[in-house]
Amino acid sequence: MSRRIVFVLAALLAFSCERAAPPPPRAAAKRIVSLAPSVTEIVYALGAGDMLVATDDFSDFPEAAKRLPKVGGVQPNLEQIVALKPNLVLSTVIGSSPNLAKALNAVRIPLVSVRHDRVSDIRVAIARIGAAIEAKDAASVAADVERRLEAQKRTRTKKPRVLVAVWTDPLFVGGRDTFANDLFELTGAENAVPPSVTGWPQYSLESFVANPPDILIYPDHSVTRAQIDKLIARTSAKFEAVPIDENRFTRLGPRTPEAAALLNEIFDRWERTH
Amino acid sequence: MTLTMRGAAYDYGEGRGLRATDLTLADAPQLIALTGPNGSGKSTLLKLLARVAAPSSGEIAFEGKRLREWPAKEYAKRIAYLPQDPDPSFPMRAIDVVVSGRAPFLGRFEWEGDSDYEHAANALAMCDAAHLAERYLDEMSGGERKRVFLARVLAAQPKVILLDEPLSALDISHVQQFSALLRDVVDRTASTVVFASHDLNWAAAYCDRMLVMQEGRIALDASPREVMQPDVMRTLFGFDAQAVEANGRTWLVPRV
Amino acid sequence: MGTDALTLPRPRPLAVPLAAFALALLIALALGITFGATSLSWRALAAGDETARQILLLIRLPRVLLAAIVGATLAVAGVTFQTLLRNPLADPFILGVSGGAAAGAAIATATRLSLIPGAVPIVSFLGACAAIGAVLVLARRRDYTDPTRLLLSGLVLNAFFSAIILISFSLSRQSDLTAALRWMMGSLFGTTWLEVGAMAVLLIVAMVVLAAIANDVRMFVFGEDDARSRGVDVERVKLIGFITASIVTGAAVAVSGIIGFVGLLVPHIVRLIVRRDIRALLPLCALGGATLLVFADVLSRTLTPSSELPIGAFTALLGVPFFISLLRKSR
């Protein structure tokens, strides 16, 4: 999660449109480098895991991905990528700097970047990556993810107001046009931020105290219990702070329905006690 | 009032500075000219007397007590110093400059009082700069600024006044004015004034005593008449001169 | 023949500009308390509404007060450095304080010490102190603190610390740009009363110390040699002044990040309004710096709904036009 925040905040450089990389991918890409954990999971879901020659530092699912060579975290090592002689590099739009595209273009390595902002981007990402690696069953994989997401759809008579905090000091939250918001709406909850709050902005402590959520969600790698407790101590309102598996929640891909399921667990529990 | 130097020396390194020097300024107020070629140690001598620098060897004593035993502010009340090109890093009015000369008299959290301003006013008047009181320094001519800084020195009513090249960069009319002013100060305030000067003729015209420095030592300590001799000029200044009598004084003019 | 002291132009009473600046600060404080991301219902507060009480007394009020205290601190440190170094471009961070504090914060984040509440300000403050010590040691030469070497050492140390910061952040697992940006731009988010109390105490102590040496500090305007001849213990005054101003600045950075322009601009603004020496400038700069930062803070937290903009941007946006207009009027 925090890795996403990094690039949202360096938003000066983030591009909102997808980049089609010249030259187009050659037939049957057999050597793929993935620069994002969500992309890695999609590649495995498409059955093309054995085509991966390297991933970024954070790709750790499935188990096999852990054993692949790593080419760097926030800033991938271009030399290492090129040395592996890939014929396709996959990345997310937000996770790739413009220099990456230029550099790969210069060495004639195709780059495909997929959007990673909303839940609806998952389907598109699977389709584009599937097309790039010529996976036969991309459509059915995408459909399967959609189906599992639909299965998590809930309508609740009492909608919990939810806030996701990705950093506490200062407080950064998920706004109305993010995948977090999409997941909340899917699972029958409501984002506690006012409608004007979009993206992943710094949130005013006053607003937090004036409109406390019913449930505060936080990704379990980036934020600790101690930090959350310190934040909650600023207000006397009573609400739950619940950690959520950061990997499932922030990687938009085949495991996103599991994140939705986790949210449903949390919200079901809340419904029962309120 | 006695200010004595015994074997005081200061080393800048590379052989420059002041070598073991003896000097006595005693009782009767005098206007003393400190002359000598560049680098002969004039500024250093003044700095040691002013306690701006400490001698690396030797002793300086004022009224029988060694300088080290004088609290800094007490010494500053009695010995005043004006460096060569005072340049405040901040625009100031003349009166503020002059009254800052009273600083050694102020306690830790004190502001200047009426008596301080009175002293400042009198000092400005003595330097014929009273009309400049409210003007800013950067609006004044070089001569006016020098008078304001002299007034600053006088505001503390010191017994000894040390001036480093006060006549430099002044127009010729101002040089005469300022030299006459220094004479006036000695006569009226009964303090001793030591001023470093390049200009021998002007210095000699007004002063009671001349010190000639050479290579870090006082080579000659005598009356102006004895110093302003062609053979002295040749030996100590490397200056080929001819004595001319005019207006009841001896002037040295270059032999061309 | 002397001029009568009673007709001599004594400086105008300090009470006048002091009152004017104090009034400006009061207005700023009033605005700061009244405006925020949420609209406070004073009636709700009076009626004992818990949320209103929390917002006002636990969030907004301490933050506004800390803005005032930090602003005062930076301005006072700035004018002290400018006077002692005889350099109008000096700011409170010039001796490596900001670099040391930020490096401390960066290291705390990279080593995940930042997860312990309260760890970052402490490590940051230690970093600032280390920087101050290093710079003073580098600049000492035979019992003499050379102002030029001091400035150079500070510059070099700041650059060195910037390198450490960059490395720390690229090595840190989280790549916490959020924390980095916070430090670079300054932030008063989440101010606690503890921070307010600690900074208030430090500021008061610092001001007392600086006022005690003010009579000597003002003599630096005429040069160090001249000051010595006026009986000032130049080396001692420099050490006391530098250390006091740096420590209190280090504390401000530890608590609120690097807020620029206040320490550099406010002394100049005050000097353009009131031409007095540092004895008068110290309290006036304190009030002026406090006012500027409180205004900047109000803007930073009210311009975007529910969110905040970096406070350092507003100190410049507010201060620079004001400074320029004063400069043009003065000549």
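Chains here go by letter, A, B and C, matching the order in which they are written, and residues are numbered from 1 within each.
The rule is simple: contacts are C-beta pairs under 8 Å (C-beta built on N, C-alpha and C of every residue); 3 or more make two chains touch, one makes a residue touch a chain.
None of these values were measured; they are calculated from a predicted model.
*Asks:* Which chains lie in contact with each of subunit B and subunit C?
*Replies:* none
*Asks:* Measuring from the mean of all protein Cα atoms shown, which chain centre lies nearest?
*Replies:* Of all chains shown, the one whose C-alpha centre lies nearest the global C-alpha mean is C.
*Asks:* Find the chain most remote from subunit B, comparing centres computed as mean CA coordinates.
*Replies:* A
*Asks:* How many angstrom lie between the CA centroids of subunit B and subunit C, rounded to a whole number?
*Replies:* 42
*Asks:* Would you mind pulling out the distance in Å between where the CA atoms of subunit A average out and where those of subunit C do?
*Replies:* Result: the chain centres lie 40 Å from each other.
*Asks:* Between subunit A and subunit B, tell me the centre distance in angstrom, where each centre is the average of that chain's C-alpha atoms.
*Replies:* The computed centroid separation for subunit A versus subunit B comes out at 79 Å.
*Asks:* Any idea which subunit B residues touch subunit C in the complex?
*Replies:* Result: residues 47, 50-52, 71-77, 79-83, 86-93, 95-96, 100-101, 103-104, 106, 108-111, 114, 117-118, 120-122, 124-125, 130, 133-134 of subunit B touch subunit C.
*Asks:* Could you please specify the touching residues of subunit C with respect to subunit A in the complex?
*Replies:* Spelled out, the residues of subunit C in touch with subunit A are 36-38, 50-51, 54-55, 58-60, 115-117, 170, 174-178, 181-182, 187, 189-190, 301, 304-308.
*Asks:* Which residues of subunit A touch subunit C in their complex?
*Replies:* 2-3, 5-6, 9-10, 73-75, 167, 169-172, 193-194, 196-197, 201-207, 209-210, 222, 224, 226-227, 230-231, 234-237
*Asks:* Write out the stretch or stretches of subunit C touching subunit B in their complex.
*Replies:* Touching subunit B: residues 1-5, 8-11, 86-88, 211-212, 215, 218-223, 225-226, 228-233, 271, 275, 277, 279 of subunit C.
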